[in-house]
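The same chain A turns up in both complexes below, where it pairs with chain B and then with chain C.
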Partner chain A sequence: MFLVLVLLCAFFSVATFSEQSPTGEAAAKQLASVIEQQFGSTPRVLIVAREQPGDSEFASSLEQKLVTSGAKVHAVVKGEPRDAREALVKISSSGEQLDVIACTPAAAAWLVFSDLKNDFPMLDNPQIVKPQSYRWPNFLKAANVLNIANQIAVIAIIAIGMTMVIITGGIDLSVGSLIALSAVLAGLFIRDYAGATNASAIGMTSACVAAILICGLIGAFSGAMITLFRIPPFIVTLAMMLVGSGLAYLLAKGESIYQIPDSFVWLGRGASFVNLPNAVVLMLVLYGAAQVLMSRMKLGRYIYAVGGNREAARLSGVPVRSVLMFAYIASALLAGLGGVIMASQLKSGSATYGNMYELYVIAAVVVGGTSLSGGEGEMCGTLIGALTIAVIQNGMNLTNVESYTQKVVLGLVILGAVLLDKIRHGE
Partner chain B sequence: MTTPLLEMRDIVKSFPGVQALRGVSLSLRPGEVLALLGENGAGKSTLMKVLGGAHRADAGTIAVNGRETVFQTPQDSRRAGVAVIYQEFNLVPGLTACENIFLGQEVTRAGFVSRTQERRRATELFQRLGVEINLNVPCRLLSTAQQQLVEIAKALAFEARIIVMDEPSAALTSHEVERLFDIIRDLKKHGIGVIYISHRLDEIFTIADRVTVLRDGTNVGERPLSEMSRSNMIELMVGRELKDEFPHRATAIGPARLEVMGLRSGSAVRDVTFTVRRGEILALTGLVGAGRTETVRLLFGADRRDSGDIRLDGKLLSIRSPRDAIAAGIGLLTEDRKHQGLVLRHSVRENFGVPNLDRLSQFGFVQQQQEREEFGRYVSTLKIKVPSQEQLAGNLSGGNQQKVVLAKWLARNCEVLIFDEPTRGIDVGAKYEIYLLMNELVAQGKSIIMISSEMPEVLGMADRILVMHEGRITGEIADARRATQEQIMELAVA
Partner chain C sequence: MRQSLFAIFACLVGCLLGCAKPEEKKGVDTPEKQTGPKQTIGVSLLTLDNPFFKVIGDNITAEGLKHGYDTIVVSGDKDVAKQSNQIKDFIVKKVSAIVLSPCDSKSIIPVIQEANAAGIPVFTVDIPCNEPGVKIATQIATDNYGGGKEAGQAMIEALGEAGGKVAVLHFKQAESCLLRVKGFTEVIDAHNASSTAKIEVVAELESSGAKDMGYKAAEDSLQAHPDLRGIFAINDPAALGARAALEKANKTQQVQIIGFDGQPEGKQAIKEGKIYADPIQFPDKMGIQIVDAIIRHSKGEELPAQMLIPTSLYRKADAEADPELK
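Here is the complex of A and B:
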């Protein structure tokens, strides 16, 4: 499976190979050293950039670097060509001179700089410098890689629970609906009980925990139906899928719940740990824990045993019912968590969330090499499966594949990945 | 000399890591019963799977009626007139006997299945076999013996000339075995060749004409039955002389340990009361369906009992699940290893670990090092033949699988061990080792309940015998050494 993922990454890297202009801090660093090399340590500089996040960061950072190294920065322009002209006029009329105009690649092409010798003769013919562009795949840009991880976080987290359920020999179709239910509940609790847009961190946390726990209760109900009444998991969770989705619409009254403070997006969009998105950090931590659980702990071994041969496990003293209950509750709790993350990413709660997600989650598990007949499967396989799906989707977005075509391709790739795995294992 | 019906020459077949057949030859004449003997893992099943088209041989030739053929699929083999009746029957449980017989060879008229014609032909076939089978119920409701008859009828329906029966008597009562032999004799008269695989040497003396013995994937002997003795056969199979089929032991029977009183469950188990003493092997015998397995399953908490008290060393036990029984010190080795004893897709180490994990883990974490060491000790003391601890349980022979199951329970140090058909489908060599182990356990003061359908095993191993019939204990033989097969049979059909 890992091989498929690597091949896909290689393919999309080649397909999205293109001209890259550095921005932000990295560009500033590069340009600062270029200026120092060409103009010594005390050049007279004008910095020009557009009013955009990356460009603006570039401008500020470059200014700071040049000033520390002893350069004289006459002005920093963040805006339009008109602003650049005003700055040039001002410098020129105050009788100052310029050695360098440091621009972003876009700004360097502005007409205002096309004929400085004639337009501003007093400036002593400054040179225009811009960060060196280079060729690099769009797919492999750090921002895009993190974006892939962030996009898949919800599916990957839910797939942890799904892997456990499938290893026990069951299936959980209710996770997609639980995403919606959890998102709606979290939104409702924040709006109605935690003070809406003025909610505190503690209030929001409690609201989310409550929403996740309610999903856990639904998982416990499914587990009870499956273990006590021996109703097939497919049917129980199919029913709960309808119930969960219906409840979400009822509670939300068909609306989207958006009365939520801005700080709520911390979980879904924030990045407070070495630039990694928080949802991705959470996903990695959960995978680590699940891997330890499944490979090192008694409970994990019981999960495999129950799926491998339920009767043999029972006759060996495995508490089969409790093990199954655990799997379904874990799956539901993780689906609830997925719903909260999604609400945070979109800063609202709606009953339309998570539609069809159960299928993507199951696809991730299956592509990851877990057998639907139970007893076999690996957590890291599931993570690779989820990433494979994310890479396909992201890669097709970057290569401008139409969304309907994407669906067709995704379906075929899932089938192909599983087929390849079967062939490699000689079945 | 007539052309042989079947001639297999120098068949070679290897699987990853195992050379299953190293040039085996075999011939079968029309109207002959050839017994195929060998320990588990000797290559009998593989050879028959090659014949049945389920496996493809790496080298060697197969000739049917003198004509060389290649079997690539089960259909090829079937077209050549070969029917293989595996131990696990190839019947669709939800279909009726009639539908199963004609599965894949439906009698059709204008594209539609002609049920009336199929029924008529099925009735004819069963008449020929001299039996009556309900053609209206799904096969899963038929008894094992009846399902076997359906398999035989299926073979006759496509006019098979060669019928392979793999352990056909394993799940039959002695009466049913007799009827099976009558049918085989009738098949012989019609010129059909039968390859008969069994571990029960008595049966081979009754029915076979010629014997072929395999060991480690090669022929070690092929002779007419008249030139073979029982000890000959055993010697050929195991490659060494076995002095005694049942090892002797010095018995030291102590006070009662496990007391079962008034055990009931519907009509399967009706008021069963018995005790097992310290250092004793108690045999529970009777015909298949007498309620023996049901009784021990109730005792072990595997099924829910209507009533009944279970005491161990005088203390009343509250057993509601196998977990409770295990905690109390009772272990059950089930008769059906594949479905109830082992997780075939998991490694032998993991299988060993399952009932022992609460002992082998701390704060929920499995102490893997300890698990490996402990299992390693059992691998060497029980002489379990595995290339590594990560070997999948499903890839082992019956004897080695049973030893893995034994290791599971020995590691728990159970006070009372229940062996349900401990040597079913196990070769002579491994049987002996399991008997030795049972002796060692009772010598340590453990108690054993043994269920067995094999009379010699019951007489050879037990200290005391309980006979069951229709859910009741119909008799007790206090001194098993003086018991006779007739005595037991009389109680079993009472």
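Here is the complex of A and C:
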């Protein structure tokens, strides 16, 4: 399965190989020397960049270098095309002239510079220069790799619980609805009990924990129905899917709940540990824990045993009911956590979240090599499965595949990935 | 055997992914842009199931191509989490402009802020995002208030000398529909002040802008007001639902319907006389206007906070002259 992921990554790296626009310190240095070579040491310069960290650093650093080398920097524009036009008008109306306009690659493409000769004849036809571009796949940029991990974090975290449930031979269709329910509950608690936009960290944490625990209760209810009354998991969780979604809509009254402090986005969008998004760190920690649970602990062995042969497990003294209860509660708790992360990413809670997520989660588990008939499966496999789906979705967005085709391709690739795995294992 | 299956699979994946269109292949380079990377517009619309948005997307693509832009159009499928991911991918891809119709005006804020921080201008179409803390280059939408006024005019015209009782099939969650009904009632009130043929709005019922709910609401208002003379529905599906109720109650002669939108199904109904008239929207013009706004923004021109596209009243005569209808 890992092979499929690697193949996909390789494919998208090639497909998104494109020109990159450098900004920042290095680009400024390179451009400063180009300007000096082409226009001598005392050119009249206008520097234009967007208002954005990389661009801004480029502009300041270039200005400093040019000024030290003796150039006359008329103005530094950090903003939008409109600001550039204003600067040009100002320079032009004060009777000054320009030799060169130094731009970031993005700013160089602005149409405000497309017809300088006619628009600003007084400027003495300045040249547009920009840092030299290089070629590198969009897909492999560090920002995009983190982007992929962050986008899949919610699905991957829920897939941990789903893997356990599927290994026991069951299924949990309620996770998508629990995402919505948990996001709405967390939003409601923060708005109504923790002080809305002034909520403290403790208030927000308790609100989230409460939301997750309520999801856990729903999981316990499903588990009880399945173990005590022997109703098939498909039916129980299908019912809970409707109940959860309906409750979320009822509680949110069909609107999104957004009266939440800005600091709430820490979990979903913050990055406090070596630039890794917090949601990704949380995902990795949970996978580590789940891997240990499944491969090194008694409970993990029991989960496999129940899925492999329930009767044999019961006869050999495995507490089948408790194991099943554990799996459904864990799945619901993790779905609740996923809902909280999503609420944090979007800084609001809404009943529309998580729609169809159960299918993506199940797809991640199955692509990861877990057998739907139970008794077989690995946590690492599920993580790889989730990443595979994320890579396909992200890669198709980066290569301009339109939405309908994306669905077709995703479906076929999921099928193909499982098929390939079967073939490689000689079945 | 195993090898051959593997090869077939590899080919299959290759073919499928071959659907991916590398950006270099599309569009024509204008001379001044050949030096830099291709300019791309990223578009994420509410949904592509609705022909209205499909037309907007298609027109942005076509108009963009004329001006040397590549366009990526994706559907948010009314799922704001999905739409957020699409916008994040646009930011990574460093598109030169982002166009979106937010799936949720509140939940989309963080990701618009991310685009703002990356220095990429954001344009909204149809659905606004007038929230504090986000920077929108401009909002392009139908002039719903003006359209509502036109609907009011059409109702006066349809009822003629007699006037009578009118019901409104509303969809109150949508800002756009509130504006439509506001324009409508203002025109009706102005008419009542100056004319003897009074028109009385007797009911404002929720239709969710859908056929089934429009049907129910119209049925209920016919029960409450058997002498009803007119129905203003805030969109075509609600109007068509109301029409079904009229047919069932055998009151098609007595009650006139005014719709809104001008979707193909609605236009066809106007042609057949099932709906009296529609103020129609122009998604094609909206698409073209967006590309124009992107170019003007890039040229450094000042853009108004909102650009409204007027509707136009579409009656039976227009439908009969419409080449798009069979």
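The criterion applied here is as follows: the second predicted complex is superposed on the first by the 324 of 427 C-alpha atoms of A that agree within 3 Å, B and C clash if a C-alpha of one lies under 4 Å from a C-alpha of the other, contacts with A are read in each partner's own complex, and residues count from 1 in each chain.
Rule of thumb we're sticking to: a contact is a pair of C-beta atoms (placed from the backbone, for glycine too) under 8 Å apart; a residue touches a chain by one contact, two chains touch by 3 or more.
As the structure is a prediction and not an experimental result, all values here were calculated from the model.
Student: Looking at A:L213 after the superposition, I want to know if it touches chain B, chain C, both of them or none. Which is it: first, second, both, neither?
Tutor: In the superposed model, A:L213 contacts neither chain B nor chain C.
Student: Let me test your reading of the model: by the given contact rule, A:V243 touches which partner, first (chain B), second (chain C), both or neither?
Tutor: After superposing on A, A:V243 lies clear of both chain B and chain C.
Student: May I ask you to decide whether A:L282 touches chain B, chain C, both, or neither, giving the answer as first, second, both or neither?
Tutor: So A:L282 meets neither chain B nor chain C here.
Student: Looking at the overlay, does A:A26 come into contact with chain B only (first), chain C only (second), both, or neither?
Tutor: neither
Student: Figure out whether A:L299 sits in contact with chain B (first) or chain C (second), or with both, or with neither.
Tutor: After superposing on A, A:L299 lies in contact with chain B but is clear of chain C.
Student: Scan A:N309 for contacts with chain B and chain C and give back first, second, both or neither.
Tutor: first
Student: Which partner, chain B or chain C, touches the larger number of chain A residues?
Tutor: C
Student: Check the residue A:L140 against both partner chains and state whether it touches chain B (first), chain C (second), both, or neither.
Tutor: Neither chain B nor chain C is touched by A:L140.
Student: Is A:E376 touching anything from chain B or chain C once the two structures are fitted on A? First, second, both or neither.
Tutor: first
Student: After the superposition on A, what does A:P319 contact: first (chain B), second (chain C), both or neither?
Tutor: So A:P319 only meets chain B here.
Student: Please name which positions on chain B make contact with chain A in the complex.
Tutor: Within the complex, chain B contacts chain A at residues 300, 302, 321-323, 326-327, 332, 334, 339-346, 350, 353-355, 357-358, 361, 364-366, 368, 408.
Student: Flag every residue of chain C that touches chain A in the complex, lowest number first.
Tutor: For chain C paired with chain A, touching residues are 2, 5-6, 9-10, 12-14, 16-17, 19-24, 26, 32-33, 35-37, 39, 48, 70, 72-75, 77-81, 84-86, 88-90, 92-94, 96, 103-104, 106-111, 117-119, 121, 173, 295, 297-302.
Student: Under the touch definition given earlier, write down the residues of chain A that touch chain C in their complex.
Tutor: Chain A residues touching chain C: 7, 11, 15, 18-21, 50-53, 55, 80-86, 105-106, 108-112, 114, 130, 133, 138, 141, 143-144, 147, 151, 154, 254, 256, 258, 265, 269, 342, 345-348, 350, 352-355, 393-406, 409, 412-413, 416, 419-420, 423-424, 426.
Student: Taking the complex as given, what residues does chain A use to touch chain B?
Tutor: Within the complex, chain A touches chain B at residues 296-299, 301-302, 304-305, 308-309, 311-319, 375-376.
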